[in-house]
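As structure tokens, here come the structures.
The following pair of complexes shares a single chain, chain A, combined with chain B in the former and chain C in the latter.
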Partner chain A sequence: MKIAVLVKQVPDHEALVLARGDGTLEIEDRWATNFFDEIAIEQALRLEAVQGGEVIALSAGAGRNTDALRRALAMGADGAILVSDPALAAADGLGTARALAACLRELGPDLVLCGRVALDDEMGLVGPAVAEILGWPHVAAVTALEVDGKAFRAVRLVEGGRESIEGQLPVLIAAAKGLAEPRVPKVMQVMKASRAAMRTRTLADLGVDPGSVAPLVRTRVFERPPARPPVRMMEGEPGDRVRELASILVSAAGGRR
Partner chain B sequence: MTTALVIVERSSGGIRRASLEALGKARSLGLSTVALVAGSDPSAAARAASAHADRVLAAAHPDLERYDAEAHVALAERVTRDVSPSLVLGPATSTGRDLVARLSARLGAGYAAEITDITIDPDGRPTARRAVHGGKAVAVVAFEGPPPWLATVRPGAFPTPSPGAAGKIEMLHPALPEIRTRVVSFEEAGGKRVHVTEAEIVISGGRGLGDPAAFTLIERLADRLGAAVGASRAVVDAGWRDASEQVGKSGNTVAPRLYVAFGVSGAVHHVMGMAGAGTVVVVNRDPAAPFFKHADHGLVGDALVVLPALLEELGA
Partner chain C sequence: MDFRFSDEQEFFRSQVRDTVDRLVRPKVREIDEKDVFPRDLWDEMARLGYFGLRHEERWGGMGADTVTSMIFFEELARGSAGFFMSVTVQMLMGTYFIGRFGSDAMKERVLAPAIEGRKVTCICFTEDQSGSDLAGTRTSATRDGDSWILNGNKQWITNGPICDVATVMATTDPKAGLKGLSFFLVEDGMEGFRKGQVFHKLGTRGAPTGELVLDHVKVPADHHLGEETGKGLEYSTDILNHVRVMTGLAACSIAEEAMRDAAGFARGRVAFGSPIATYQLIREKFGRHYAKREAARTLLYRVAWMIDQGLECRREAMAAKWFATEACLESVDEATRIYAGNGFSMEYAPQRFFRDARFLLSGGGTHEVLLNFLGSQYLRG
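On to the complex of A and B.
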């Protein structure tokens, strides 16, 4: 079975991110492979261990995304492809999905895994959009996955519960927390991955018109989130504090927004 | 801009909060509002939506009873082409986000996920605001392409509208593509309590509760206040609580009117999931707990002492 995994490098969740006065974003130089993408990589490797085949990591864009591909290689992926093109620098999720889908058509996987959302732009668009462009079904926010031959069974987290979903490959699965606990690669594997060859495909290689990845949405400026006023601490005897807490809760719970 | 199409999500006995808020927002923008509801028998949801829309399209089909991306996208695509809305809004629930993302690719239309604000520019184009980087910044998003412009709205970001004159309900019996991913079972989590993303009040517990049994105190308080129960990553990872209750980066993003946390330290990944909450109240025995920096009201105390006293005070 050939499994493709879509990956992205994002700021570490503890990195300082600050909107500057000019509307640009200052991001501390601490990066990590997207939390949910690592889960997707792990799930792909586990399926490969049982079913055989190969795991290929894909990323679109430039620069830091090669680090996400190297993370996938260090974890055990068999190959990595970077779709790299100047036109992708300004692309939105839909443009990125078009580039990735073209690369996936060339690759011909049976299964595509990705994270349910990237924790930088928090759009959650690329997975469903790739499936749509490929004409494949997809299941998002998956917490369990079994593949048996061409059949799959996935568990999806929805409001108020879990759905079990069945279907046939090919399918795109977007990983949520709980699907698999990502392994931490050993130093030797990280070093080996840092030297590994990586295939690069341009939009021209893939027959994608650069105009088709032009963004339809654009962030005009970044703003700071509304600041919360300083905390008011409840003081006094324990009994007084509890009475104050009760009164805060009742008053905040009582009024309609 | 003239017409908004709002994709409405059913809940048991009505429609989900975020859908209602999306309908209210569309109307407050002065748009003629068309609600789309779907299900094997969507009549109850259609009636609930009709008080908040000028027109309700109620699509009935057995394959629309459970969420399947392709069936729902096929319906939404057809209706979007018929209605020609300038704006398509959906709820930023797990299914709403899934549907509108795929619809955006189907239509080749620009999409902004989980918006918290939307205004119409003088040129008639919308500008939306949405939290990025776990709420550390807000992106002001412009739509570049032609309409329709697509967005999902964060639950709790817009007020619940008051009912207005009932819009006309029209039944649809759409032809749908063959379902390729079939829901074979549904397992309910959390019982009768409302889900964290839907709730106006969330009572969360963390490691500071000391042991899973102490969550009964959280549940009693939640039931007293009509709230949902939330959980920190630590207690979900420890197996104390179900993952469906987790608030934070790797769990649910919530924006309730009132968020109360007992024994949750307030790690970055937790705060990322509730930065949009209204009033935040934090109880923690550690005066240096980072969560106090993100709270409106703080109480330094042991949750296991405070909770029983609080329940008694509230007569619960």
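On to the complex of A and C.
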């Protein structure tokens, strides 16, 4: 079974992210592989361990994503492909999905795994968009996955219960927390991955018109959250403080008791 | 001149950082508060292969260069200082002389299991009357036919209370001073080898540290680690350079962790109507920390590079260790001041950085000894 995993590099959870006065974002130069994508990689490797085949990691962007691909290699992926093109620097989710879908058509996997959402923009768009472009079914936010021959069964957590979905490959599965606990790579694998050759495909290689990845969505401005109103401390005897607090809450609720 | 890390080194750093974030950092507080050696964490780091970073591939190592191993040490020091101590002793001093001078049989029996984490190692320099003054070493090694008889008492031995093997510095000729020192491998279970008092420490808690007693311990001739007796100090030069750079980078990491934490506090804490991060006297503390850490890291990685180039760098290593550690002590102190009253509370992090940083002072030579040596070298002739 050939499994492709879509991965994205996102700011590290400790990186400082600041909204500048001019409406753009300033992001500290610390990057990590998206948390949910690592779950997808882990699940792919577990399926491969049982069923054989290969796991190929894919990423699209203007260059930075190589470390996310190397992370996949360090975890045990058999290969990595970077769809790299200057036109992708400004691409939105749909543009990125078009580039990835073109690469997947060339690769011909039986199954595509991705994280349910990237922790930077939290759009959760690219995975489902790739499936739509390919004309494949997709299942989002999956917490359990079984594959048997050409059949699959996926479980997702829904409000108040579990939803079980069965179908036939090919399919795109978006991984949620709980699907698989990502392994920590061994240092030997890290060293090998740091030197591994990366396959690179440009949009021209894939026959994709750079105009087709131009963004349809434009971010106008990033704004800081509004400053919190000042904290007011009640003073006096505990009983008086409680009565005062209660009357403030009642008036904030429009006088309804 | 190129001061950039390579893409491979940057990637390696990001992966070590992730490993430390995921495995070590969630346990930092527990390790410090309980002061218990985190065996499960030890086994996990060994399983991932990190203990063999510096050793030959045939014994399960990676053969990494000095700069790469220093990147690992710098990132590891962002986690628990106690765990850092135990691991660095295992990776550097505890296995160095076995790797350099041990027979293949010894390496198979001791080094390979140490790289796998199954044997805990330690190095024994310090005694009750000597530390930086190695010429004062009293532990003796006396030839007895095909064996050596060791007598003495070693103190402040990190990993000592849990060690399976110890590399012990002893004198074969007390009158020869620094030219009488040699290293011997002592194994747990040898008659007369005993683990004594366990020390309670201000910082680096979780790294078991204590006394080892050698009472007529008979070791085979091949347990002498070195080509000639009396050359122990000469054999130590290289590893002491490593230890000093490693200690300096630990200082940079502890300082940075303390100040990053303090920065979060300073941005959120409001006094006189504004976050204290907006006040110049608070900003100055971060400015000084930033400048000194930049200077220290540049110096330390230059020394690491010099080691890889085979250049003589004893003085540079001493200077770098001193500078980085003093800068760290200043930063962890400032972090407690930024927290004001809360900096004195055991509930907040600054007290832990403040305590842990103190261990850097004596490791790799006290600052009095280092500066005295550097000054005397400067004034020579």
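Here is the rule we go by: the second predicted complex is superposed on the first by the 228 of 257 C-alpha atoms of A that agree within 3 Å, B and C clash if a C-alpha of one lies under 4 Å from a C-alpha of the other, contacts with A are read in each partner's own complex, and residues count from 1 in each chain.
In this section, contacts are C-beta pairs under 8 Å (C-beta built on N, C-alpha and C of every residue); 3 or more make two chains touch, one makes a residue touch a chain.
In this text the structure is predicted, and so the values were computed from the model without any measurement.
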Chain B versus chain C as contact partner of A:Leu245, first or second or both or neither: first
Touched partner set for A:Ile165, first chain B, second chain C, both or neither: first
Chain A residues touched - chain C or chain B, whichever exceeds: B
Which superposed partner A:Met233 touches (first chain B, second chain C, both, neither): first
Which superposed partner A:His138 touches (first chain B, second chain C, both, neither): first
Chain B versus chain C as contact partner of A:Gly53, first or second or both or neither: neither
Partner chain in contact with A:Ala97 - chain B first, chain C second, else both or neither: first
Contacts of A:Pro185 with chain B and chain C, given as first, second, both or neither: second
Contacts of A:Pro210 with chain B and chain C, given as first, second, both or neither: neither
Chain C-contacting residues of chain A that also contact chain B: 14
Complex contacts: residues of chain A adjacent to chain B: 11, 13-14, 17-19, 23, 25, 27, 35-36, 92-94, 97, 119-125, 127-129, 131-133, 137-141, 143, 153-154, 156-168, 171, 177-178, 214-225, 228-229, 231-234, 238-239, 241-246, 248-250, 252-253, 256-257
Touch list for chain B against partner chain A, complex: 16, 66-67, 69-70, 73, 93-95, 97-98, 101-102, 104-106, 108-114, 127, 129-145, 156, 159-160, 180-190, 195, 197-198, 200-201, 225-227, 243-244, 246, 249-251, 257-258, 260, 268-269, 272, 275, 278-283, 292-301, 305-306, 309-310, 313-314
Residues on chain A engaged by chain C in the complex (per definition of touch): 14, 31-32, 67, 70-71, 74, 184-188, 190-191, 193-195
List of chain C residues in touch with chain A within their complex: 7-12, 14-16, 18-19, 21-23, 44, 47-50, 53, 62, 64, 260
